[in-house]
Amino acid sequence: MHKGRLEAFSDGVIAILITIMVLELHAPRDANAASLKPLLPVFLSYLLSFIFIGIYWNNHHHMLQAVTRVNGAALWANLHLLFWLSLVPFVTSWMGPSHFAAAPVAAYGVVLLLAAIAYAILARVLIRHHGKDSTLARALGSDLKGNISLVLYLAAVGLAFVRPWMACAIYVIVALIWLIPDRRIERAMQEKPSAAGSARV
Amino acid sequence: MHKGRLEAFSDGVIAILITIMVLELHAPRDANAASLKPLLPVFLSYLLSFIFIGIYWNNHHHMLQAVTRVNGAALWANLHLLFWLSLVPFVTSWMGPSHFAAAPVAAYGVVLLLAAIAYAILARVLIRHHGKDSTLARALGSDLKGNISLVLYLAAVGLAFVRPWMACAIYVIVALIWLIPDRRIERAMQEKPSAAGSARV
Amino acid sequence: MHKGRLEAFSDGVIAILITIMVLELHAPRDANAASLKPLLPVFLSYLLSFIFIGIYWNNHHHMLQAVTRVNGAALWANLHLLFWLSLVPFVTSWMGPSHFAAAPVAAYGVVLLLAAIAYAILARVLIRHHGKDSTLARALGSDLKGNISLVLYLAAVGLAFVRPWMACAIYVIVALIWLIPDRRIERAMQEKPSAAGSARV
Amino acid sequence: MHKGRLEAFSDGVIAILITIMVLELHAPRDANAASLKPLLPVFLSYLLSFIFIGIYWNNHHHMLQAVTRVNGAALWANLHLLFWLSLVPFVTSWMGPSHFAAAPVAAYGVVLLLAAIAYAILARVLIRHHGKDSTLARALGSDLKGNISLVLYLAAVGLAFVRPWMACAIYVIVALIWLIPDRRIERAMQEKPSAAGSARV
């Protein structure tokens, strides 16, 4: 089976998800600059979700790059990932207008956590299909970043009920982990185990 | 005629359909976890429709894989299928908030039934274009699953007016038929007729 | 310049246009079959527009098939076409709920007319770029169907203010012209002039 | 890394952005032609934004044409551009209904300015990746048009608070700069420096 349509369909869904979130940014009724102020939390949650979905697209792009063929299990594992990502606009539009209250911030973390688990499942399904010695398996490596993200999401979901802003800070940290170090840090961290795990971003 | 744009256009429409349904999941006004509870039926109908549209994309993907060329009739048969699929978000957003009442549950089944008929027509148009001995014809085979689905949809539409939950149970069963057995069961069931019909999922 | 991205972008826009129209089909509040009845005009205008946009995608697909390269003028002529098509959801959502009143029905015709003119301009730009003896020029030919459509749209816009239903009947006729005869009728009609003009559908 | 998915994803996002703006064109409740009149400013702001996003797609298309490979930095620079473009529907739906009031008109200019800066960053990232002597670098040249646009946007944002219509006039001028002269004027203007900078449109 060719991977072309899997990529095209995923691109379509992710492009729509990243775009329809902006529909939640309703134009203010008043025409003065001050009326933008109440939109700030909505804007910030949009920005955060834009970055997270961008990271997923980026990682998805890279993972599929190393893939040579897909099977039925991979199609469903991919749809499973897209399902959780499709809930990101929902939790985003709950979290922003609530001014980052406890329950919406926790729900945001739960959806990110489930999407991350779905991504890990997809990676595993693809690796099983390609073999443990495939380029794909070596490219994904031990997936240190992915595992750290899972732990951080779990922590954030718990913390959300105590100090929501700390959960939000963790989401920002996870985003930065994926955005900034782009190989260099990881390479340094994993010099020994085989330089693997660094190609995922 | 190349099949590339037919696939690209179908991917686009299906990606939009599977995604815009989430717009019906309106974020609750209150910021507590309890306010998610009334969303449960909306969420469940979204989940069901996500799986059904995912199955269609999956099957469409596989059918087109075996296709080498398309003609005008195939383009229109495909648009006909997309039309009925485009009504899935409508019946989904009727069924969920109605808490699975009789009429919406029946309407849901009618749309699924018409989409399934449209899919069968598309398959027939493509087979006529490729010949009865083509890979495509052999891959689709006698289409046992497709025919069982049609009968189940019909039963569900009737049952919806008596016991809506039984119609819903049937929708879940149809989804499972397409999701789970993925060849193995079918292969066992059709060992004799030529192992055909099994490649559709 | 490659035509690939022009096709991909057009497919994306057309796929979105054909799909977002269904968002106007708001689920009824009541959960009985009778509550679907007031939706009938909305549904009919959706169906008509779905077919028209389907025809445009179909024709666009065929025209681009014969195209080997695109220039800047073609990109803009294509965007011009997409602009008028993007207004179809707007006039559709005006026409249906108005129960096919005069002004909305006329506006619908104006948008279809401008889209048809934009299509003719795009065809001309592509032909100028490929030469009068190109496959494309021969495939599009004298474009009898296109010209008949323009005249019918004009008539419908005028008639809409007298008898809206007659304008609607004309829209249905135009759709049938493009849907049904698919070569055979046209071939018969144009046997002499060179068999051209028939490949557009 | 292949540029295919970057193009496909960008096409998807841009196609959605250019299309969802039409959702702001709400059909009037009344069914007479006069009820279209209040929609005029909404329509004009839609038209302007459609053209701007069309220009971006056009330029993006051309720039990527000359690109042979993309790296992680380019993926993020591209997402950064898409982020600012994703805010165009928001400022459009603020500007139109406000009848081109000061603050919304200025906000429109700010978003266009940031998108233009993001485009310049993307160009720089791609040039750095391809080398200063690459086809891409020569094709983009000194980017006279891009720099003029930046200055004009800045002027418009300031002017918006004094005379909003003058800011709007500047937006129209910027659009015309990109739409009309398409090489000829620019070639004349830059005959000496190497004929570069003209290929961007």
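By letter and in written order, the chains are A, B, C and D; residue numbering begins at 1 in each of them.
Rule of thumb we're sticking to: contacts are C-beta pairs under 8 Å (C-beta built on N, C-alpha and C of every residue); 3 or more make two chains touch, one makes a residue touch a chain.
If you're wondering where the values come from, they're calculated on a predicted model, not measured in any experiment.
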Copies chain A and chain D touch via same or different residues, half shared test: different
Far-end chain from chain B, centres as C-alpha averages: D
Inter-copy rotation, chain A to chain B, in degrees (Cα atoms; steps of 5): 90
Distance between the centres, which are taken as Cα means, of chain D and chain C, whole angstrom: 28
Whole-Å gap separating chain B and chain D, where each centre is the average of the chain's CA atoms: 39
Junction residues of chain B, two or more chains touched: 8, 12, 15-16, 20, 23
Complex contact set, residues of chain D against chain C: 7-8, 11-12, 14-16, 18-20, 22-23, 25-28, 31-33, 35-36, 47, 50, 54, 57-58, 61, 64-65, 179, 182, 201
Residues of chain D touching chain A in the complex: 1-2, 5-6, 8-9, 12-13, 15-17, 20, 23, 72, 75-76, 79, 82-83, 86-87, 89-91, 93-94, 97-98, 101-104, 106-107
